[in-house]
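There are structures below to look over.
Below are two complexes that have chain A in common, paired first with chain B and then with chain C.
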Partner chain A sequence: MKLLVCIKQILDPEIPVRDFSIDREKLEADSANANQVTNIFCENALETALQLRDSVGESSITVICFGRESAEDSLRKALAMKADEACLVMNDLNHTPDSATTAHVLASAIESLGSFDLIFTGRESGDWGNGQTGAYLAEELKVPYLPFVDDIKQTDKGFEVRRQTESGWERYGIPASSVVTITNSDHNLPRIPKTRDIMMSHRKTITRVSFEDLKIRKDELNPQSDSVRPVKLFVPEKESACEFIEGENLNAKIDQLADKIMEIRSTL
Partner chain B sequence: MSETSGNGSDILCVLSSNEWDRSAEGLVGAGRLLSDKTGGKLIAVTLGEWQDSALKQLGARCHQVRVGQTQVSVSGGIESMLDYLVKLAEEIQPASILFGNGTVEEEISPRLAFRLGGSSIGDAQALTISNNRIQVTRSVYGGKATAVMELQKSPAVVWIRSRAFPPAGPLPQSGSFETTVIQETSPESIELLQHHEDASEGVSLEEATMIVSGGRGLGGPEPFEDLKALAATIGAEMAASRAACDAGWVPHSWQVGQTGKKVTPELYLAVAMSGSSQHMMGITDARNIAAVNTDPDAPIFKHCRFGIVEDYRNVIGPLTEKLKSRKK
Partner chain C sequence: MNPSDATREVLWNISNSWIMYALLLPTLLIAGNGILLRIKRWKKGRPVDRLDRPLERLQNVWRHAVLQRRTMRNRYAGIFHAFIFWGFITLTLATTVVFLHHDFGWQIMQGRFYLYFQSLFVDLLGLLALIGVGMAAWRRAFLQPRFLVQSSEATWILVLAFIILGTGFLLEGWRIAATDDPWGNWSPVGSLIATFSIHWMSVETMQFFHWGVWWFHLLLVFGFIAWAPYTKMLHPLTATLNIYAANLKPIGASLKTIDFESEESFGINRLDHFTWKDLMDLDACTECGRCTAVCPAATAGKSLSPRDIILDLREKSRISNKRETTFSDPIIGTAPSLSTESLWQCTSCAACVESCPVSIEQFPKIIDMRRFQVMEEAVFPEPMQQALASIESRGHPFSGSRFSRLDWTEGLNIPEIKDRPDAEVLVWTGCGGSLVERNQKSSRALTKILDRAGISYAILGREEKCTGDPARRMGNEFLFQELAKQNIQTFEKYKVKTVVTSCAHCFNTFRNEYPEQGGQFEVFHHSEYLKRLLDQGKLPMKSSSDRKITLHDPCYLSRHNHMTEDARSLLQQTSSQPLIELERNRQNSFCCGGGGGLSFTEEPSEQRVNRQRADEILKTDVDTVAVACPFCTTMLEDGINACKGSRDIKVKELSELILESLETEE
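And now, the complex of A and B:
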């Protein structure tokens, strides 16, 4: 079985608010003061694929990333987590392309790599958070699509998957070659690679693919050709002055807390 | 202005929740906001089984209601539903197609945009039109920034935070109705095998006016039982941070935030959670936020109206007792 996992490298989403600033020229976050990391949902996706491979055996996992030079680190980490192959589709554009363009580039690259039994993406990214790449990718490849998946088993007809809904979950049967997007759950927390595997990952080759290789005309990819583009980006101001409840002792403080809660409740 | 580039000036609102609730009101309100600007018609598209009384509310507020009667359940018949919406959009040539927030809406929007050669974006908190193009305001970078995104290809397919939009009043004249039975056009490649609803007693989190929410600092599933007792005393619903859900302490349907529910209560009581920007994305429209946290520098306090710096273990039990006696 051949599995493909699409991963994205993003600015560390867990940096404190005070370290976050905006590049007004490029209309994106300043990358100077923060690390680049693999998007968490992409790591959940890789973990889900690794568990599927472990359960069926005789399978290989390819990770693919459309990203900058620095994305090599994310691919190395995926190899250290024990993915089999890695492919970097080099993004040397002057802007950050939208989800539709990203999916279009990924689809061309995937077609050049061959066919896969299941294609994984994260449900959304921690930077722009559009949550659309998986859907566009399925449309580009003309294959079935199911988002918010958190568990996958192989069956004789394809796969049986569980997906989260607003109010619970559903189980679906999906055919081979589908695109699924993966969400976090208590059983797909990404594994920590072993030191030995991290060392080994540096000996593996990462296949590099350029726009030219994919016969995509780079000069046709620009902010104006994207279907969606940012026209403003700013840090919202929304701090409110918190009243810290003080008092003689804990009992008095909790009394005040109760009063304040009842006060709000009485307005309902 | 008379039209947005490419398509016509009509606005489609697709309603799949089959209820006239605050969410449907907000979706129609958002549609009206746009149709008032484009000068086009506001057309409601309903999916699923709708009560006559709910359809009447829609008819009063829209120029036209297209009732799509589905044989199959919404989540089971995505392909046929997409085919139906593509056909409808090709006939009407709308400037924009709006959806509410939900699993199915999020799944469908980009696929519909792709098939119509349009553009799509989600989680819209505000909508405007500039240079004949729809612009969407949304939180990005896990809530650390706000972006205005321009949808450059028409139709603009957008799923919105419905409850963030003001409801629209009735139009001078009620709209016309047209009913279509949605046929099973494409074979469903995906088969629904089982549907599970997490146990919940009260109203949905989105409709809740009081919410008690727990985070990683609770350290395990047991303290959530104490929070439940507290919530029950004041008639609040339960929620959690992603850290608590990921740990398996509570179901994922409790998660609030960027990738969880967006809630709008009068009171959101955050217990033992730090207030990460991603979590805050789910409670930007809460009227009052209060917190119990041992760390006075926890970011949650920056968003609170009031708070108490204390170990939750010393607070929750006595607080529940005090609230019980005050209710009497």
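And now, the complex of A and C:
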């Protein structure tokens, strides 16, 4: 069985406030001083794939990432967690493309890698949180799609998956080759790699794929060709004010306070 | 009566003494076998260089085996131990004298030597040994300190020692009385027994009993000699060897370095992966329980017990010895003391190592086993996983911190080394000093002091990365070595020669662990560096405050590096009041609970080590607790705030106090 996991490297969600800034031209976060990490839902997706491989045996997992040079770290970590192959689709564009473009690039790369029995993505990424790449990818590949999955078993006809919903779980049978997006649950916490596997991960080669290899014309990928574009991007200014409530005694202060609260409520 | 004629008849009243010599042979064979078995076990360990620098090693043997300095730290036990030790040594010497005199015909047991040494001195030391045995028995039966191991072996040893000493005195007394020994008074205890016996017994009865008790005494002594190597009573030998082979480096340099290229398994989960010294440690343990008595985790009521780790490993090595092949069996999780839960409670404070009278290294073994859990099994507590993951991806262990490494410099004019490459010293702020809000104040204070002293310094800013101390102590040696390499590269890039840091952990790692990784620079803890500035007259401090200060010694200075006085000298300059010492101070200091990765975990409040230390501090009437490490600062502040009630007491970092007394100068 061949499994494929798409992962994304994002700006560390724990980035210190001081290091976070916005590139006003590109309308995206500036990554100059920022640390990059693997998106957590993508790690959940990899973990779910690893568990599926552990349960069926005789399978291989390929991890693919559309990202910058630094994404190699995320792929190495995936290899350390014991993915079998890793492929970096080099993004040397000037901007970060939207979900549809990303899915298009990924789909071309996946097709060039061969066919897979199941394709995993994280349910969304911690930077923009759009949660659309999986769906677009299924569309591009013309295969069935199921989001918010947290558990997968192999069956005769394909897979039985469990999907998280607001009110509980749903179980579905899905055919092979589908795309699933994985959400987090307490049984797909990403595993800690063993040291020997970390060491081995540095000896493996990561396949690099460029736009040329995929016959994608770079000049067609620009902010204008994206279907969704942010209009404005800024760090919200937080204002806080402090006011002391005066009053003769406690009761008077409480009255004052109550009035104040009512007053603020009416302005909201 | 001429004293130069004084002597006594050897083997008086004893015929067929050849039986004694015949019995001696099997006795020595059995004892020798016991010793050989142990040596065979040690040889299963890995090599380690512990026989270099013989002079220093002999000095250690003199101090700790002969003079028993460490044993003496515990008054009661130290005294009775010395009584028994010196008593038995003297009795053994006396027996050797008899042997040389009688069997070798050396004729030494006579004259003044016979009177002063062989009679008086031996008699008195024998009495002290008897008193010692009594004190030990009293302690076992009534005082019962909390961490004493009660075993039937220990009881039997005391009973045997008591009977051997007691029968020895009876034999002496009866001989003096029956032979009407003219020099009998030189053996006070013997002559006392002689005086009593004469009242109760005829000379014939005494002779009869003497004969019977003599053989009984002999059998007991031989039995004891044969049995001892199979019990903890081998420790006079193993302890001496162990003290000889002790770690001569600072405790802070006692963790093993793993060569990741050649090692086939990382960390330790089988006996034969320990070094021979580690295995000898097991046989040297006297079960005294001092290590567990001072262990902060144990006293906080957790399951960790360094003594039990040693004893349980010893038990395994003995069983393994019988089955020969099993030195390779897994050890982690096979006894309560070796449970993964216990192994993760250690703060790496080294109180166990410091307290052990026979130079056993308990906590490095804990780290060895943690390494196995982290690097081979990848199973360890979740908060530590988070801390390590954060070090891996962000270069610091404080997952969730919103600060950058430069936030603390806000509003101050602190140069980064890239802008001041010729700076005299590099101030290493450390993760704790820059990313934890409380410590940012102390970090600022240190730079202000350096400004005042006119020192040209710089910081690394964003280029700083965790030194690897927490990673190493949490068992991730691989990550530690990676970080060390990266930091050393950064130092080399800026040609850093001198580093000053206020973090005791960073300091220890730089000083004791980086040289092995190729780090070639000089490092000072800020207490050390500021003391130098004080001596050079660069710190015009004025002790105008009247704070009542006590100092909490950080483990990584006091025990890991035996550095305790610089901070004290500095503090004395900050207040008009004398410095107040805590009950546990200097190398006996008690951990704040933050080392070994434990500051990243949450514990039930009644098990928190910092609360214990806070209670101890609150027993004094101080108003200021001085600390000299960012981990101590936050751990103790939490502890004190939780326990102080309405009392006005502050935790202050050394730099903060010094800065205060510099400011009053203006």
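Side notes on the structure shown:
Note that in this section the second predicted complex is superposed on the first by the 233 of 268 C-alpha atoms of A that agree within 3 Å, B and C clash if a C-alpha of one lies under 4 Å from a C-alpha of the other, contacts with A are read in each partner's own complex, and residues count from 1 in each chain.
The definition used in the following text is that a residue touches a chain if its C-beta (ideal position, glycine included) is under 8 Å from a C-beta of that chain, and two chains touch if they have at least 3 such contacts.
Bear in mind that the values here come from a model prediction, so they are computed numbers and not experimental data.
By the touch criterion stated above, A:N249 is placed in contact with neither chain B nor chain C.
Looking at the shared chain after the overlay, A:T183 reaches chain B, while chain C stays out of its contact range.
Contacts of A:E239 after superposition on the shared chain: chain B is touched, whereas chain C is not. Look at A:I198: by the touch rule set out above, it reaches chain C but stays clear of chain B. Between chain B and chain C, the partner in contact with more residues of chain A is B.
Contact with neither chain B nor chain C is seen for A:N94 once the two complexes are overlaid on the shared chain. In the superposed model, A:V37 lies in contact with chain C only, and not with chain B.
Look at A:V17: by the touch rule set out above, it reaches both chain B and chain C.
Counting contacts as defined above, chain A residues 14, 16-17 meet chain B in one complex and chain C in the other.
Residues of chain A that touch chain C in their complex: 12, 14, 16-19, 33, 35, 37, 191-196, 198-199. By the touch criterion stated above, chain B contacts chain A in their complex at residues 75, 102-103, 106-107, 109-111, 113-115, 118-123, 130, 135, 139-142, 144-153, 189-198, 200, 204, 209-210, 234-235, 242, 245-248, 251-253, 258-259, 261, 266-267, 269, 276-278, 284, 287-288, 290-291, 296, 299, 301-310, 314-315, 318-319, 322-323, 326-327. On the side of chain C, the complex with chain A involves touching residues 260, 266, 374-380, 385, 389-390, 393-395, 399-404, 406-407, 462, 476, 478.
Chain contact summary for the complex, chain A toward chain B: residues 11, 13-14, 16-17, 20, 22, 27, 29, 99-100, 123-124, 126-132, 135-136, 138-140, 144-148, 150, 160, 163-175, 178, 183-187, 189, 224, 226-236, 238-240, 242-245, 250-251, 253-255, 257-262, 264-265, 267-268.
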